[in-house]
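Order as written gives the chain letters A, B, C and D; numbering starts at 1 within each chain.
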Amino acid sequence: MDHASQAQGVFVIAPTPFHADGRIDEASVDRMTDFFLQAGATGMTVLGQLGEAPKMAHGESVSIVKRVVARAGKLPIVVGVSAPGFAAMRALSQDVMALGATGVMIAPPNTLRTDDSIVQYYAQASDAIGRDVPFVIQDYPLTFSVQMSPAVIRRIHMDNPACWFLKHEDWPGLDKITQLRAWEKDGSMRRLPILIGNNALFLDFEMERGADGANTGYCFPDMLVDVVRLSKAGEREAAHDLFDAHLPLIRYEQQPGPGLAVRKYVMMRRGIIASDALRKPGAALSAVARAEVDYLLARLALKDPRARV
Amino acid sequence: MDHASQAQGVFVIAPTPFHADGRIDEASVDRMTDFFLQAGATGMTVLGQLGEAPKMAHGESVSIVKRVVARAGKLPIVVGVSAPGFAAMRALSQDVMALGATGVMIAPPNTLRTDDSIVQYYAQASDAIGRDVPFVIQDYPLTFSVQMSPAVIRRIHMDNPACWFLKHEDWPGLDKITQLRAWEKDGSMRRLPILIGNNALFLDFEMERGADGANTGYCFPDMLVDVVRLSKAGEREAAHDLFDAHLPLIRYEQQPGPGLAVRKYVMMRRGIIASDALRKPGAALSAVARAEVDYLLARLALKDPRARV
Amino acid sequence: MDHASQAQGVFVIAPTPFHADGRIDEASVDRMTDFFLQAGATGMTVLGQLGEAPKMAHGESVSIVKRVVARAGKLPIVVGVSAPGFAAMRALSQDVMALGATGVMIAPPNTLRTDDSIVQYYAQASDAIGRDVPFVIQDYPLTFSVQMSPAVIRRIHMDNPACWFLKHEDWPGLDKITQLRAWEKDGSMRRLPILIGNNALFLDFEMERGADGANTGYCFPDMLVDVVRLSKAGEREAAHDLFDAHLPLIRYEQQPGPGLAVRKYVMMRRGIIASDALRKPGAALSAVARAEVDYLLARLALKDPRARV
Amino acid sequence: MDHASQAQGVFVIAPTPFHADGRIDEASVDRMTDFFLQAGATGMTVLGQLGEAPKMAHGESVSIVKRVVARAGKLPIVVGVSAPGFAAMRALSQDVMALGATGVMIAPPNTLRTDDSIVQYYAQASDAIGRDVPFVIQDYPLTFSVQMSPAVIRRIHMDNPACWFLKHEDWPGLDKITQLRAWEKDGSMRRLPILIGNNALFLDFEMERGADGANTGYCFPDMLVDVVRLSKAGEREAAHDLFDAHLPLIRYEQQPGPGLAVRKYVMMRRGIIASDALRKPGAALSAVARAEVDYLLARLALKDPRARV
């Protein structure tokens, strides 16, 4: 498929901005979209896990996609459609593709345990949403408890023409990239674009192992864009220098649970969204955690002046 | 709440009848509802796990509840509303309560690991659906991987006035019933109705330990009604004799995975539903499995003539 | 290997008899061994999960094997050697093989999640214990949380000449037997003996699907011997009649947790072992549970006079 | 207990040095012990998960403890004794305490799911090893899949006089430290020393939240000593500067699986141990991974000249 050529650079995982009372903040959705475009994003993913997708009613999900697609112009938009059953997955996929989304992202249900069951799941999912709808494999064992070996990913990719790219967030995962690229080289697998997630904790080396870019939502996506660019240009030292400057905060934001509150808090401080509110059962940062983030931001600004907030 | 008095006897877990092509079979929904009423059910639960709830689009779920409520007269109707997020749970709860459902059933997400997180989840769920909406705790660790100690169940029940009854399907679970009843006796817990599930595999002794009845979907709910009645009447030998006659089939139907196909196959053979079709990823029984069920039915008919099909 | 011909009939899973204070009861070990021989067992497995293996010090394990091997004559003895690391597994395997054990049983560690990791584990285990030491695959996902597809079992069997037989206790598991037998028929797998476990809850149909016998420890192993014999002789009705008579108790004993206490209690009542004591963290049956077992035994005696205790 | 006063600073988690063929490398054990002493360690933990404990035969474990105790003089030595059953745990505890170990470390088995079951497990473990043997709670959900709420840790600490300190490696875990310290302040818990693990990924803020030090095995324990010292002295900027210089490597070493190979590789390059060999199923680093570590070391040397290797 020709979408493959688009799967590079930084597809930002977008949070869903809420007002303090939990309503969707549409003005912030627009401002955030504009910001990502300006920051050099090559794509956007909405309604992922960190987009608080499971907390959204169907109608709300559709309204967000509509708004983002309208605002983002030609930017490819991926929509998270993971669901406990194929009916809800199909319904959301059809609605968002009709609105102009480019493709969807599917995580495996956390009960899958054998290679065959994972492969079968993606085949059935592709059938359910329509075999022409581009889909992204989300490989995130830390959250989903499903382990996909490289061989399983290859089978999914080879079996399903609509398989678009891999959101790679296995941990550890460096050797997985190396293995997949080796199979492409020896001809046993067609090209699979790889964008990395896991809050970019290993972006530096993942790029060097062969990733095409990032698909994550770190609160400074502009930095991700720069690291990806520098890495592809062979500016190794510069890429690592910039990455390392952000690593203390990346690490802090990567914490499961409070991580999303960190992300929203920084984006609020940067003026990208109006509030750092999360829907339940999410919770805002404690005062001490906010102070820690403030401290990290202050230190970051000394190393990366562009990151001053 | 006065619903508590209703939580006894047999609340049948209803499968969702489909045509061979996967569409909902409305005539079978009606016929099944009539059958349960006639069989002596004191309630019905629709859209549980074995009602294939996750495979249903929201609109389909609503249409089934509407149909069942209309058909079932004054029979209490419980609707499964478990969902990965509170938004979908709230949306479905509101819609089905407006249609006349009596309450909802909520299973915990399979990521909960501490006592506090389980207690908090039910409090937030009750908030989300409305604190006046009666809810059923589904305690089924085998499927949901969440272990609720008796103390956790007590906390949920004491914290939430809308807590209606416990669908008890822990395994092993006999001592859990004994513990809860002991706390009621010593005054440390208000009365909690207990209806047992797990395909009734321990119905005989669960009744003797203090259960109020069953909340499961074994393909002979008429037998469940009789066992509950006999047990409450103190007819111990008769209760066990009837139960034991069905046990080979109960055990066969209790298998995770193929169990639902067994249930639908027998209900089809009994003329209650027109087809034993499951929606994907469910699969029909293999020919050899059907032959095994046929054999079990033939043997059953010799021991329980009412069970001839 | 020529051991394969021995893997049929009933390999009884032996509990470890303790005195009330937790010391090993050697007289009961002898009496139990004699009883199994007399009951028609074709093999014995000691130090499995339900032999309380993890509660035994290395020296104790060795002493039990020594005693059983000496007592059991030519009966094949399998020893559970599952351990969190290969060093302990190797040490125990070497010691018990030197004492005359016939082979060992290995369960996978409950962290394995991909097909390849399971296959690799068994290859490394076979290397660790010695590639000439016959080993049994224990496939028990309910307890070990590891799902082995039929294809994985085939790979393990084909890769390791020392693979002796499969202790099959997947649940549901009937179709797994059918699949493995089909592969033997079409020549894609060499013969793999299958003995079933899971407290024999599906022994009736597992035999009909192609199992060679049982490898479990139900408190009436004499019944298992008879059902296996009847089933192999084509006496289908008689096999099911006998099995069904025991099913209420089989089901009760199959409960994870209290199941072993049930087993030991009945064996104590039968005079096979002197005490039903378990080592911690195991616990004896409650008074109400004992009464339930007594009741089941009384009912059983009416249906199977040989089972009078 | 008066051991509590000792639980501060850096208790280094020691790897077990092997020769390339898998034999224990005793000279490296000595050299490593000397190095830790010289680096300012206040304690040592041997035979933890990253000491490859499960791969060691009992006799090997004992021999290592003997050697380290003899070499380390008055340094407190903690020995990992986690085991699937209490018999092996007791045997190893008794042997190592007799040799002069100061206490033991116990991780919960990964099947525990309720608060009560965790609390009960530690009580039974303390009974098993002797209620006067100081033990460390290892709270590492990422590896052990057991979630201990702060309330559970408080119960374990209050119930067991021999509870020595908490090896805190929950993730996220900052708020857990804050909660435990708050309970100490309000008098609802006696003082519990907290040493942090998880490869020190959050050492900077964990110290500020109230940790007493570190109990981990990062390949530059000398840096851990300095960060702990700086943090306690209130030299916040200096502590973070040093920590941040190491963070790219800390993060790389924290990877589950290859992390231990990274640690051993760097310790070999530093001349502390002779070989980076792991016992099976562990594997050495790939060539590309070694090159990545070399690169990280080269960059580190520019920021922390003491870290030149």
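Convention: contacts are C-beta pairs under 8 Å (C-beta built on N, C-alpha and C of every residue); 3 or more make two chains touch, one makes a residue touch a chain.
The structure displayed is predicted, hence computed values, not measured ones.
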Same-site or different-site touching of subunit A by its copy subunit B, using the half cut: same
Chain of greatest Cα-centre distance to subunit B: D
Centroid distance [mean C-alpha coordinates] between subunit D and subunit A, Å: 33
CA centroid of subunit C to CA centroid of subunit D, Å: 38
Touching two or more other chains - residues of subunit D: none
Arrangement of touching chains [line / ring / star / complete / other]: complete
Residue numbers on subunit A that touch subunit C, as the complex places them: 113-117, 141, 146-149, 151-152
Touching residues (chain side subunit C, partner subunit D) in the complex: 52-58, 60, 83-88, 90-91, 110-111, 120-121, 124, 127-128, 279-281
Contact footprint of subunit D on subunit A as seen in their complex: 171-172, 174-175, 178, 201-202, 204-205, 208-209, 240, 244, 247-248, 251-252, 255-259, 286, 288-289, 292, 299
